[in-house]
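Next up: some structures, all given as structure tokens.
In what comes next, chain A is part of two complexes: it sits with chain B in the first one and with chain C in the second one.
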Partner chain A sequence: MAVQPASTEIATRTASIIQEFKALEGPLLPILHGVQGEFGYVPQEALRVIADELNLSRAEVHGVASFYHDYRKEPGGRHVLKVCQAEACQSMGSDATTARIKQLLGIDFHETAKDGSVTLEPVYCLGLCACSPSAMLDGEVIGRLDNEKIDEIVEAVRS
Partner chain B sequence: MIPRIFIPDDSGAVALGADKVAKAIEKELKERGIEAKIVRNGSRGAYFLEPMVEVACDAGRVAYGPVKVSDVKGLFDSGFLKGSHHKRWLGDPAKIPFLAKQTRLTFARCGIIDPLSLDAYERHSGLKGLRKAIAMQPADIVKQVTDSGLRGRGGAGFPTGIKWKTVLDTAADQKYIVCNADEGDSATFADRMIMEGDPFVLIEGMAIAGIATGATKGYIYIRSEYPHAVAKMNRAVEIARKAGVLGVKVLGSAHAFDMEVRVGAGAYVCGEETSLLNSLEGKRGVVRAKPPLPAIQGLFGKPTVINNVISLASVPIVMDKGAEYYRDFGMGRSRGTIPIQIAGNVKHGGLFETAFGLTLGEIVDDIGGGTASGRPVKAVQVGGPLGAYFPRGLFDTPFDYEEFAKRDGLIGHAGITVFDDSADMLKMARFAMEFCAVESCGKCTPCRVGAVRGTETIDRIAAGIEPEKNLTLVTDLCNTMKFGSLCALGGFTPYPVMSALTHFPEDFKPAPVRAAAE
Partner chain C sequence: MNVKADISSLVTEIDYGTPESKAEKTVTLTVDGRSITVPEGTSIMRASMEAGVEIPKLCATDMLDSFGSCRVCLVEIEGRNGTPASCTTPVGEGMVVHTTSDRLDAIRKGVMELYVSDHPTGFGEKAGTGASEFDHVAKMVGLSENRYGVEGRNHVKPEDGVAPGHGSLTIDYMVRDDSNPYFSYDPAQCIVCSRCVRACEDVQGTFALTIEGRGFESRMVASMNEAFVESECVSCGACVQACPTDALREKAVLEKGMPERSVVTTCAYCGVGCNFKAEVKGDEVVRMMPYKAGKANHGHSCVKGRFAYGYATHKDRILSPMVREKITDPWREVTWEEALAHAAGEFRRIQYQYGRASIGGITSSRCTDEETYLVQKLVRQGFGNNNVDTCARVCHSPTGYGLNTTLGTSAGTQDFDSVEEADVMLLIGANPTDAHPVFASRMKKRLREGAKIIVIDPRRIDLVKSPHVKAVHHLPIKPGTNVAILTGLAHVIVTEKLYNETYIRERCDWDAFEDWCEFVSDARYNPEETARICGVDAETIREAARLYATGGNGAIYYGLGVTEHSQGSTAVMGLANLAMATGNLGRNGVGVNPLRGQNNVQGSCDMGSFPHEFPGYRHIAIDSVRQIYEDLWGVTLDKEPGLRINNMLDAATDGSFKGIYIQGEDILQSDPDSKHVAAGLAAMECVVVHDLFLNETARYAHVFLPGSTFLEKDGTFINAERRINLVRKVIEPKARYADWEATQELARALGLDWNYTHPSEIMDEIAATTPTFAGVSFDLLEREGSVQWPCNEKAPLGTPIMHINGIVRGKGNFVRTEYVATEERSGPRFPLLLTTGRILTQYNVGAQTRRTGNSVWHPEDRLEIHPHDAEDRGIHDGQWVRLASRSGETTLRALITDRVAVGVVYTTFHHPDTQANVVTTEATDWATNCPEYKVTAVQVGPSNGPTEWQRDYEDLSKKTRRIKGHLEAAE
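Right after this comes the complex of A and B.
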């Protein structure tokens, strides 16, 4: 598992992210993106700092952070693999490709491998619907998933 | 002349290996000591040919595709830099049937130019619409957009000019232009393609909207699933700002307009305009009740134009060529062109911009070429996860807002997913309910609770538990969701469910019967 930074360190780093975005209109989402980019998840400790700085209640910040699928409550794996589950991918057999990925990685959706190598997430459309089924590994797009490409992905996340 | 090699960096092309092909070509150029310029263009949208590499040489532009890394050496050996023949040779890209049959107005430049070259943009008629708008009165710009017949391409089909007029007529110290680039519907990628392939046309459209309505600030809300589009738009905005297209004096005029790119956080419902506004404000993406209309009280309570990417990207050509030019394309009350996105289990998948009016059958069979699997087409879903499933019996439906409504469907953002005969329509109906449950913002009970109960009830039908009674229950539930939800998520989920039920009743028969039939 990734080592979680101490709470004072989280507070300091969060404060500097807030300074970067505070002047924007509606700064909360950009701040949360910044925090997730920095830590790989949105730590509880960060929520308190954000609430104080933006003059919001902690409940309001928690409400926003928990509304959106993107923000993680705990650290993810070193790699994040998103596999599209939407209709166009289903029409091209994503059920079977997804099952194979889950089996090879030994994890289900929303889970992280025990060795911390990869977190598996469903995604509803990557806009690659004319080259289905598709996936995204750490922001890198992959179309027309087949066994060969799945093997490459599994190898990449394990190395 | 030094040959130019065009290799798309559109994420669809990249997903099929365009970056690797680009690297291989670069390496080969170096090793052979050949001088050539590599341009990373957008995609022309023929994804069955991607990665499609084009060479601009004395013979004009010559395309090759789909190019694999293993083809690269052979391409050089056969002299592709001069447009010579090779097994991947496609000839003049404009003459490829899938592209030649299109009417490209909004996507005129996409896949042709370097998306981040403002010079290339201007050479290909860019900024002409904005220059004309600057010389006009705001009310005249709004009138021209209204007269063009342009309707919201996000799905609702509301006349763009009417929205603009409301914002223009509402006095306020600050007004906003918000571009909805939260393109979450499966089978749609037109917004992504234009942002990656011709970002300046969207910037130009937003600037025109600003001048027309008196708004000085714009936001583009792009979904986080589109990192390439986010990066491209950010760079394009920066370039436009440096060149004075954006800023306190738009192209040296008295108008101020600037914009910012914002990134969503994975909530499908934020494609709904009022939840998008809440999200931009930094709140939970919960749907707002209308009225007040966003045009009167939108972002931060100020008058706001909120339009889809394609609506805004179609404005420059309307301003440049005139309302009549645009309006003369299309049929009925659906005027102009529509970028149809053909996706899923289809042989020739991609973006096909054409005037309204083609029939669904022409799109799926003639242009799409039938299924990729070679099996018969069973159903096509039109309009994303909230759109109806159409059987072959309805393939004579013309692509038009009203004609689709008459057949209990919608064209939505014009995405079409093709399914072959292996599709299980009960499973697709269940998925529609499940998706609604996952993505519901929670504001309306019919959507929040109904979608969960709908999934459970369809599961009971699949298990053969009181199927007749449960089918009646699903139908009744769909009725409640349709009329009891504030937005299209809860309100339109009944479309895929009911169309699957109506057109494919055999898939909803009790399990033992279904098993025996197979």
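Right after this comes the complex of A and C.
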């Protein structure tokens, strides 16, 4: 599991991300993306720095950050696997493929493997319905999940 | 009329659901067969309510813009498909609206059924008051069943062993938050309508609440899901007021039940003068609800007025008169008759022995106009001298002098609503978010709409930077350099020809203007020189001056940071000069506006509390004015001005002043140089203190008369916008007499023939003798709610904006404002400058707020110090430090912050054990003797604990507060 950086370091690194995006119109989401990219999650301390810099309240920044499940509160695994649970995938058997993935990785949704290799998350539609059931590994979409592909994914995240 | 009022019942204000439209064009429509004409832009919901048809609603309230989330306010409109929400649909000409039908009933029932399936009442339990809007709507739609049951995912029941969190597999229960002393948040009852969040944002402007998460996980939280008391919440109560369920509810109401009757009255804290409904159960106030028809607050409140009324029933209140021979004796509880006879006898004895001028009185800015009027009348008529002064001496006396000299009236020029049209606010020496919170919310709202603000203040106050607020310019001047910065701004305006010549030629004294121009144009006031004196940037001075002069409507707001200086009066005149020069007077959105510290500072000044003035600021040397009172009172009045507070104390130490009647002011704690005050009081033979508590001054008192709170009397307060607000008796006086009655009894004991049976008769006397109040009567105030003086034949309903058709003085007078550095310059022994102020949750000397739950937020006074200054002295955050000046020293704990500049330290004076005024000096305003609280040269160093003075004082405090028959001292 990733080591969490000290809070002063978070503040400094967050501040430089803010400077990068501050001039944009509606800079909050790009900044949160930047922070998640930098740390792998959105540290609570970063939210305070963002609120102060953008002249927003802590409540407002928290409201936005907590609205999006993609912004994680704790560090995730080295890989993030999202498995689609939406209607099209369900009709193409995502229940079974999901169960298999959970079993092979030994974790449930919203959990990270003990060795820190992977975090498993549900996602509701990747816009890839034509290739259901689908998943996304570290930002790359994978269509037509079957046992073979699942084995490949498991192997990839374990290595 | 939007109020149904009946003296003995609950005042209920109609909630129209959406705000009033300000459009001039009107639209006529039909709602359930009733025709109604409303301004364009009005919602169907509001129009219906105006027609007398209530549409059920949950997420709408007329304090907030419509939101359209609850789906119970649906209506049908002929010729349109579907069932639009009435809160978000504006009216149209000729529209025919139906608010009930089988379809609508079914939809509403369905929606409510879904709500109750995840709500404690759905379990058949009474979780709250049973009297919330939610309960009302459930009844209104005739909800009779819950087909969904209550099983499955819900927010109502905790499930053991499963921690709340995000994601679909977790449960959704959240524990109740009781951390705020005044209200609780029970998330189980929350329907996520966002009314609280929107109230916090739109009305209060703090943005402390949010909806966390999404979908079924959505819930209202404070800040980042923090306990309310630790969050950004300022406890103004707007969210509690807005909540349609019992999720946010006053603890007092939950504990004691819903109120049975209510009385509309006026808050007794700051100078904003908010109207409240004091809601009572039995003879106990259970809630203070902001009154929407209140013209100063429009239904908003702050933590003090809304919640901090518990002092009225605090055990420390003294309810029996007391007498003692020497201040070292224990107090003896006596009857009113004995106490009054004793006081009167002593006053007469002293006058016989030491002369007529050897006694005096002090009026209170906390008491009503009528009470203040009686105290000054007692002094002038009964004591036969003019030794009357008021606590306004120590706060806003320079406002009176400065504005009178330049404009011709001793008061602010605008009403609060005027801020809605301000484009540029110039804020100097005031911290509204802490000291005038309800008006600060109005300012913040206007700032969010795009107005700009320039802040001149040694500290980085919240209006410099806080969520959604950012000052265009902040000039963190050195304390004591107000006059220099104001003259510097004038220099830029004059030399760059940014002044409004047409206005000046028409409304002001042109010669005075030319003289002033010559003065301010001098190179010694150029931005570079000014910058050097004030410790700010020269270019910022230029830009700030240009912005104020050319940015549209420029409105000046100022506070005690301007007046409480050795050049307080000069600075006030400097502000008036700026407003006149730029033509920023006499219309909406502009003006010079003092923010008054106490509820009735304006009133106590208006009522002739000063030793040289009769009510209405008329000098006592004017024969025709004196004649009015001599005829009415049947005595010859002294035409020489009497003694001011500090002169009385000086005279006392010299042995020529021996007796004083002090109503509702704690001069020992609130006046500067505490040691000097103590010495003066100790030298007197009869000190009569008339107060709620055995305050600090009472330690030196011989007679104590128990006072009454604002809840226990009728009368009027006058707020910072000259608004005369009615104070109505809510409960009977706990100590038998309202303060005006006690003063009347004292007058009678002195042999005066006073026979007022109600404060309205006192107001009638004021109106009959004071031209600016000629039209005022309790009847008028009952009818109009409130009026702003001048109120007379020319302005029968009062005067919201002054100087409209010309400046009251005749021609506006420009006055030279030469900067004279205060003698309190920092030097090697005392290298730091101390300035003082107020914090949101505490009020003045804290006698009231310290005796409420507000102390949760501010249990002690702290010394704010910049990290550099702290490091130089080896001071850590929270450490005890010694604060020393030429006058004395005290100790308190440090708070390290960069809100103050290097070289400046700051503290509040809410707690008596801090004794901040032990260190403040005797320096005063040259014109009015207003003390220079805002600048004291000090040194700060680490300390182990309280100073000798603080220890001695505590000792004395115990000794002087014993009451015979009581085991312990009262405090």
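Convention: the second predicted complex is superposed on the first by the 159 of 159 C-alpha atoms of A that agree within 3 Å, B and C clash if a C-alpha of one lies under 4 Å from a C-alpha of the other, contacts with A are read in each partner's own complex, and residues count from 1 in each chain.
As a convention for this text, contacts are C-beta pairs under 8 Å (C-beta built on N, C-alpha and C of every residue); 3 or more make two chains touch, one makes a residue touch a chain.
Keep in mind the model is a prediction, meaning the values are calculated, not measured.
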Chain B versus chain C as contact partner of A:C125, first or second or both or neither: first
First, second, both or neither for A:R58, with chain B first and chain C second: second
Which superposed partner A:H69 touches (first chain B, second chain C, both, neither): both
Chain B versus chain C, judged by how many residues of chain A each one touches: B
Touched partner set for A:L32, first chain B, second chain C, both or neither: first
Chain B versus chain C as contact partner of A:Q90, first or second or both or neither: first
Partner chain(s) touched by A:H110 [first = chain B, second = chain C, both, neither]: second
First, second, both or neither for A:R144, with chain B first and chain C second: first
First, second, both or neither for A:V80, with chain B first and chain C second: neither
Shared contact residues on chain A - chain B and chain C: 63, 67, 69
Contacting residues of chain C [partner chain A, same complex]: 165-169, 206-214, 221-225, 231-232, 465-470
Complex interface listing, chain A residues touching chain B: 24-30, 32-33, 63-64, 67-71, 82, 86-92, 123-132, 134, 136, 139, 141-144
Residues of chain B that touch chain A when the two form their complex: 11-12, 14-16, 47-48, 50, 183-189, 191-192, 224-228, 260, 262-268, 279-286, 300, 341-346, 349-351, 372, 381, 384-385, 415, 417-420, 423, 428, 431, 435, 438-439, 441
Residue ranges of chain A in contact with chain C within the complex: 44, 47, 51, 55-63, 66-67, 69, 73, 108-110, 122
